[in-house]
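Here the structure is laid out as structure tokens; the discussion comes afterwards.
Letters are used for the chains, namely A, B, C and D, taken in the order the chains are written, and counting of residues starts over at 1 for each.
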Amino acid sequence: MTLVLSQLFTGISIGAVLLLIALGLSLTFGQMNVINMAHGEFIMAGAYTVYVLQQVITSAGASLIVALPIAFAVAGAMGVLLEFLLIRRLYGRPLDTLLVTWGVALILQQAARDIFGAPNVQTRAPDLLTGSIHLPGGLVIASSRVFILVLALTAVAALTLVLKTTSLGRRIRAVVQNRDLAAVSGLATGRVDRLTFFIGSGLAGIAGVALTLIGPIGPAMGTNIIVNAFLVVVVGGIGQLKGTVIVAFALGILQSMVEYTTTVSVASVIVFIVIVAFLQWRPQGLFTLRTRSLA
Amino acid sequence: MTAVASPPVAPPIKPSRKRTGWKTAAGFASGAVALFALAPAALDDFRLGLLAKYLCLAIIAVGIGLAWGRGGMLTLGQGVFFGLGGYAMAMHLKLADAGAGNLPDFMQLYGQLDALPWWWRPFANPVFALVATVALPMLVALLLGQLIFRRRVRGAYFAILSQALAAAMAIFLVGQQGTTGGTNGLTDIQGFFGYDLNDPVNRKMIYFIIAGALLLMLAVAWQLMRSRYGELLVAVRDAEERVRFLGYDPANVKLVAYVVAAGMAGLAGALFVPAVGIISPALVGVVPSIEFVVGVAVGGRASLIGPALGAVAVAWARTALSERVPSAWTYFEGLLFILPIVFLPGGLASLPRLLRKARK
Amino acid sequence: MFKIRGTRALAVVVAAVSVTALTACGAKTGDSGTSTTAGAVVDTSGPTVKVGLLNSLSGTMAISEVTVRDSLKLAIDEINASGGVLGKQIEPVSEDGASDWPTFAEKAQKLISQDKVAAVFGCWTSASRKAVKPVFEKNKALLFYPVQYEGLEESPYIFYTGATTNQQIVPALDYLKAQGKTSLYLVGSDYVFPRTANKIIKAYATANGMKVLGEDYAPLGSTEFSTIVNKVKASGASAVFNTLNGDSNVAFFKEYKSAGLTAAAMPVVSVSIAEEEVKSIGTQYLADQLTAWNYYQTTAGAANDKFVKAYKAKYGADKPTSDPMEAAYTSVYLWKAMVEKAGSFDVEKVKAAADAGGITYAAPEGLVTVDGPSQHVYKTARIGKIGPDGLIKEVWSSGQPIKPDPYLKDYSWATGLA
Amino acid sequence: MSGLTVRDLRVVFDGFVAVDGVDLEVPAGDVRFVIGPNGAGKTTLIDAITGLVRATGSVTFDDHALLGRKVHRIARLGVGRTFQTAAVFEELTVLQNLDIAAGWSRHPLSLLRARGQVPSSVAEALTTVGLSAVRDELAGTLAHGQKQWLEIGMLLVQDAKLLLLDEPVAGMSQSERDATGDLLGRLAADRTVLVIEHDMDFLRRFARTVTVMHAGKVLSEGTVAEVQADPRVQEVYLGHAPSASEVA
């Protein structure tokens, strides 16, 4: 029983990581139909932010707290730059953005190698986050995982709040629903796009900070996670935050359960089969926006 | 188009059409001269071997050009079909090297198997293996396409799904070390249907076969592109739903291009094995699959010859640059993904037209 | 009916082309010696002699392989400074394997046939070695392979200067057994080395009354280890044998510590974590865990002091030295000794000189001797403990160099493995 | 030929009822205009008939039940439509556009050959819709009106027996409208035509019968004169009794 519970928590924590990674994508891909393959490298930028900050701030805990807003800003700024320089020219060509941002990803990876060196770099985690929490019933859960879970849920809540209540959120949704109409009614769609991209990429930066607690910090860290993150968004349904949340946790739990009983490689093949089967049932993802358009 | 001012009543054949036909034939003939006479004369054995490898990539590119350029299906999973073709060929060659009744070397080392797994056995037959190199990828593409296109999974969804397929396939191959060679893949291939691959003359023969296959695949793609089907494919690419209202099922239209592209990738994989002597999961996964696409984008996705030329050019640039400055190659490759797509979506193939327009 | 004439013209072209292709045919597989490739030609015409350095300078493996390339260059510089080999300066030609096996094969061929090098030094992963092995055998050229590996291989054209299994894994198991560890959990990356190593470990365990409680593989580059660590923890094994490679180690050890597992309660013996990796994982997660190698930066001896000093002077004081780097450095000196004994750069003569035995070199790890028949090297096994300063301290050693036995022929429990 | 029969058609989007129990009877050979304010459900009606959106009720044409069939199956039963914003294949020439429309019944293998000759139905359609002069131009370069003509031409070569036209004359000049209207009259000889249109002048001149929709329901039906005289229609359109010039 303890084993099932602890494995369930493992699944939830894998889901939380997936969610954190996919959240920003869900915004840029879902709301703007931009497939940003460099999202993984924005995550990398967030992780390197922690590394750089720790050269200045010696306290592991303080540097982590300070890193969250800074990583958000750094990755967000990179996103805005990307939007302004390239993606702006590619609206309506989602497949082309995929390839172009893949190129950007390659360049960012190599830049990281040239700046920070090819080997992974080391960051320190506060002692609080390297230990574990003992729950009644013999259940032991890693405190870093709890932190990530809380961080992911906070990010979802904050994003929902922004989209639902602020004027920026309303403008984002207006542009999503009808770009042309929004432009005609005097909305500066370019500005809205850049802000959307800023938030989406900034969330990647936050994810990067969180990943320093559980994984390697190196030039290749982005590529390893990006494919799964896209699957989460696709299966969740475009432009649907709730879809992303549900699917991230569902995939995490599925992955952990299958992995426990089989092997990692069999688990990834099974997860893929489940996804194809799922898309047979719901080709547009878990939740869909209905429109009458002919596309 | 020269025949804008055509007479009001439609003539049977556009006058320009016959010329295009001959022009294409002349293009093919000069391509043949370049591949069969010039290249072998100008390049030493090593460079010719490299060219053979590039031409394999060009064969994949021809298929991607058809599926993506003409059909709008950005397939980021061609590595899967390349791998299927390559493994089918390599399995046969390994069995032939081992000799009848013997296990391939790696199986004895890592598999601890007493007998050949059942799914290896048919590949001992050369005819089966040869057919399988193309038929197996096509069959898998057919099944997968049936599922994906029928349910109208398309655009970005299709691209990401095809990419995930490549990732899953690579991980799966790696996991079955005893029977697939794992990360190592299938290596150390000595013979090719009885011919010794260590012999430079035979290696030249492999090059000629690959060059011939490329021309053949270009001819296939050419015929498909100029046929009514080719027009229909473009129609589906640009307005899939509209085509439905004309009584077509777009899923079938896309399926044909997807399956043909898969077959071409399989053929390329099969020819890659004797040319390079190795097939491994590293050639199957996400990264190689997306790299197959970059040459197509550079050359011109919707043109016939653009993808093939682009693939060869990019592969050549990779070799040339990485021999000099290794880290520069990654930057260069990144730029290859960015600059042509953003600023020259038609690829190099569209340059002549753009220049002509600019001059006017 | 409406066929365009262009189609027919095209058909003619295609047919002509296919006929040409089929007329060019060479030797059949059976006809030995008719026209197979002659041995590699070493270009000794100039004042220098070229050697190839074949390492991944880009891609995922660059992390490790760049350091190998650096130490190869260090050895070459030192040799050149002291007069070269047979009076010729060594001219290194560096090629990038790009972490991609077919590229390794391609570059190996290029070094041999274009640059006409006397020997090639490099490769890291088993997959890259397997990819280039036929190239070297076909061209009758020399490869020096500097990394510990899974054994079960001998090639007449490869010299293995890293450890084979009986010089690293078997001593590590002996050590664990002596420490009273009775049960193991095996965690590895999904490729040849871990799978083969684990096969050997299981055979050893069966013969020595140890239990293997579980065995898990993660794809290379995988960074999600929570499930595997859960399994390890639940197994209650007395030690973990870790053959993970690269990035995965970082995620594994972070997870391991988070799960409340410690080196005191359940030590992890790693065979792919050297000083360079310790630096990137962090001692916060690694302190007191064990490693098995043949060399550490802290290994005592004048030869090592000189090597460490020279390396840091050339590449920076913060750069640690590690086992594969030392094996690579040593491999250049071993080649030099072979060439000088043969009095020639000719591959067959160099091989003959080495195979006759007696090639030795006072390496940073101690005196190494080339074992003629297997073309492997006698090496001393060392178990180390990772210290809080990121360096690894030796806690046990085999005392003397162990004879290489890639097929484990001298170990009765290992029969049937190869 | 028995025309188009729609019974109790309902289309619901996420709780919003776009078409609410529509009954419609369009006899063969009729030219029926469907009018109504924006959001009345006119286009959704066509979408439902052609299978683009899911609907309940029943739709029969030529004794075939249409609902529940896939879009391309319905098209093969002789149901053709145009779109509000002309949907032609912009990267193909006019000739290619028309040729594709003729194509679904071709043997699949014959598709693999290039077009040798212009099929007679295509040549005819080119002349009928007056696009012979531009047949080798890319459809994307055509003027808006020409695109709409091209779409109608595609319906002709498709040999549709039921033509569903969504605002076919929007953006056309007066002379183009006249020509389109004449064409519709000729087409109706052996076809059934249903037109959605806002242009009252066009409607008055070319409609044989008219259906007025409002809020997803049929409000009124009859000849042009009957409908114009219906006070409910005037109410819906203007909120008050109109002067003759406003409706006409």
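Things to note:
In the analysis below, contacts are C-beta pairs under 8 Å (C-beta built on N, C-alpha and C of every residue); 3 or more make two chains touch, one makes a residue touch a chain.
The chain list, named the UniProt way, goes like this: A = Urea ABC transporter permease subunit UrtB; B = Urea ABC transporter permease subunit UrtC; C = Urea ABC transporter substrate-binding protein; D = Urea ABC transporter ATP-binding protein UrtD.
The structure presented is a predicted model; accordingly, all values stated were derived computationally and were not measured.
Core chain by CA centroid proximity to the global CA centroid: B. Averaging C-alpha coordinates per chain and comparing to subunit C, the farthest chain turns out to be D.
Inter-chain spacing, taken between the CA centroids of subunit A and subunit D, is 46 Å. Chain centres here are Cα means. That of subunit A falls 36 Å from that of subunit C. Centre to centre, using the average C-alpha position, subunit B and subunit C are separated by 34 Å. Residue positions 110, 113, 263, 265, 268, 294 of subunit A each touch two or more of the other chains. Multi-chain contact residues, meaning those touching two or more other chains, occur in subunit D at positions 52, 83, 87, 113-117. Multi-chain contact residues of subunit B (touching two or more other chains) are listed as 13, 171, 174-175, 223, 239, 241-242, 327, 330.
Partner subunit A is touched in their complex by these residues of subunit C: 58, 60, 62-63, 66, 190, 216-219, 221-224, 226-228, 230-231, 234, 247, 249-251, 254-255, 257-260, 276-277, 279-282, 284-285. Remark: subunit A residues 3, 6-7, 10, 13-14, 17, 110, 113, 118-125, 130-132, 140, 142-145, 213-218, 220-221, 224-225, 255-256, 259-260, 263-265, 268 touch subunit C in the complex. Residues of subunit A touching subunit B in their complex: 29, 33, 35, 86, 89-90, 93-96, 98-100, 102-107, 109-110, 113-114, 223, 227, 230-231, 234, 263, 265-266, 268-269, 272, 275-276, 279-280, 283, 294-295. Interface residues of subunit B, counted against subunit D in their complex, comprise 1, 3-6, 8-14, 223-224, 226-229, 231-232, 234-235, 238-239, 241-250. Of all residues in subunit B, those touching subunit C in their complex are 13, 17-18, 20-25, 28-29, 32, 36, 44-46, 49-50, 53, 109-110, 112, 171, 174-175, 177, 182-185, 187-191, 194-196, 198-205, 208-209, 211-212, 215-216, 219, 222-223, 276-278, 280, 282-283, 319, 322-323, 326-327, 329-330.
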